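The chains carry the letters A, B, C and D, assigned in the order they are written, with residues numbered from 1 in each.
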């Protein structure tokens, strides 16, 4: 019986081997240096997530916006993004409150990237979505909005 | 071998907007097949972007990122002719790198 | 007894007409606006691009027992002409003596040029093996006509016959729910749940209905050609299983395509 | 040999042109009807529970299979037959549980070739109708049923004043063609899509004053 954690650890080892063998490109080497934070991706609440990441609790702020539709025609693909007017943002997190695991994605921003990111996530049901921004000077801020997921088509 | 990504990098204002589509199942590990057997998780965990070889962005993803993932971001100071490279790595150790030129 | 019940119907109808339509319209609008916003967000970055790229590479790759590419395939505008072919399909082909749609024509080319077995591919489940390749090829061929207007030929007798057969199939009611294609697609301005239903008995507009497929289906994360779209329509109609590239599916393609004359093709589109 | 090719090509073009001009003439409307039936029967195959007998049309299905409505006489005949087929509820018990009715209204599953034999069917009601106000995702093929009972003055479904609308609603759910020969609505009771008990639950959703539909 292979557990998910085993698979992940194996993946990490494979990546390390590939890097050692010079098979992985340079960009992937940088990633391999920062391991995939399995514990953070298994949390069910904002509080547990912040604990897993060793971060302070986030404070709601108008300086950050979470971008998503009011209604999603299909939960399989829901556009989700974050943008902020803050400076010195090093990290942006995208969360879906009612998903089996709350964390969808972490973005580590270099100085050359604007703090504005869009991707698409899966949502099992209508839920609040969050964008959390972490700055170099230790601020942790968030914005939230509700996305309604509708049943569509003939439903069969 | 994974199918290639589609990367569009367009200069806009003082930088470039990068839009990426990646061909990947992004299987959550929570679904069951017709026979009731759990379909194992299979998803991109790490993504990184570089501009002319210098890392500018990295990301860690969970299985709730949508199938055939889309990613959009803006690189400050990028100009036409610059090279943007994207690499992803999934939980099975499969990886793919593709490159585009800013237009 | 029955006359009395009919009277009941009249009362019911009068009440229904008087009461509810305003509420429905107000609520429907805000939800519809939300859906429109969602669709707009998805437009920029349609994963159909991934399938289009794969299809383009498949088109030029030497494959099959004959180790040949599809570059000599005649999609109706001469061997190797891809641009503009999609908006004129289905059409009559002299070599096969049949009216063929995009997918059935691709099957012919895969068999004659590459030596692949058309019947085997037609029997393969959607999304697997050569069927996955079919979808990529359909994305590539349709994309080469993006922005052009539907313009199916109707000069050949068999093209006209297939239009008439398609029209009859469109209105054919059957199955345990009494559904025909026309049940959902015979009138303008209707929805199933929140999804707009194009009226396919006439040109429903640019990039709508026949002019939007193949499309990337968000719900399955796959590219669906018109063959797969029709297959799922018939599943939801509770009909038996339509054969892949069977005459009824091709006839429906002729009926919808001719009706859509002048509509701008946006295929491959993105759909729920 | 090569110099012969243009001549050969020319022959092909002439043949094609003849075909294009229509060596045969357009079949009659009746012939096309026959051809369409043959094409339909030849294009489908049984799959799972979706067997080929589903293509065998009854009188109403056949009469309602074109853009033209059937004649008034035929429509009347279809409606009369449909009304005669309605099975009225045992013991005059018309209403069940509106909560179960809402679940059925939401559920669009059943009877497809991907459904297992004997699996429970939904009513698919929201596919075509607005019903409860909380559900934003509703179709518009049928009329809105929001406030269905309230608008029709049903304060007590068991009272004699409500009898006409209660019975009409049962008949409509059991066999929609009783009141409109070519109704788009499935015949839920007649076709065995829903059981008598399930139809009671849908009735309650529409007519029970406590149902959210009537708030």
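The working rule: contacts are C-beta pairs under 8 Å (C-beta built on N, C-alpha and C of every residue); 3 or more make two chains touch, one makes a residue touch a chain.
What you see is a predicted model, and the numbers here were worked out from it, not measured in a lab.
**Student:** Which chain's C-alpha centroid is most distant from that of subunit C?
**Tutor:** Chain centre farthest from subunit C's centre: A.
**Student:** Nearest whole angstrom, what separates the Cα centre of subunit B from the Cα centre of subunit C?
**Tutor:** So the centre of subunit B lies 30 Å away from the centre of subunit C.
**Student:** Find the geometric centre of each of subunit B and subunit D from their Cα atoms only, then give the gap between the two centres in Å, rounded to an integer.
**Tutor:** Centres of subunit B and subunit D (C-alpha means) sit 45 Å apart.
**Student:** Let me have the rounded angstrom distance from the C-alpha centre of subunit C over to the C-alpha centre of subunit D, please.
**Tutor:** 22
**Student:** What is the distance, in whole Å, between the centres of subunit A and subunit B, each centre taken as the mean of its C-alpha atoms?
**Tutor:** 14
**Student:** Give me the residue numbers in subunit B that touch at least two other chains, ranges are fine.
**Tutor:** 66-67, 70, 72
**Student:** Using the touch definition from the top, which residues of subunit D touch two or more other chains?
**Tutor:** In subunit D, residues 112, 126-127, 136-137 touch at least two other chains, as defined above.
**Student:** Identify all positions of subunit A at which a residue touches two or more other chains, and write them in rising order.
**Tutor:** 71, 76-78, 120, 148, 150-156 - these are the residues of subunit A that touch more than one other chain.
**Student:** Let me know each pair of chains that touch one another.
**Tutor:** Applying the touch rule to all chain pairs gives A-B, A-C, A-D, B-C, C-D.
**Student:** Please give the residue numbers of subunit A that touch subunit D in the complex, ascending.
**Tutor:** Contact set of subunit A toward subunit D: 71, 148, 150-156.
**Student:** Name, in rising order, each residue of subunit B that touches subunit A in their complex.
**Tutor:** 15, 26, 28-30, 40-41, 45-51, 53-62, 64-67, 69-78, 85-87, 89-93, 95, 97
**Student:** Within the complex, which stretch of subunit B touches subunit C?
**Tutor:** Its residues touching subunit C are 3-6, 19, 21, 23, 25, 66-68, 70, 72.
**Student:** Give the list of subunit C residues in touch with subunit B in this complex.
**Tutor:** Residues in contact with subunit B: 44-45, 47, 49-50, 53-54, 221.
**Student:** Considering only the defined contacts, which subunit C positions touch subunit A in the complex?
**Tutor:** The touching residues are 31, 34-35, 37-39, 41-42, 192-195, 218-221, 235-236, 272.
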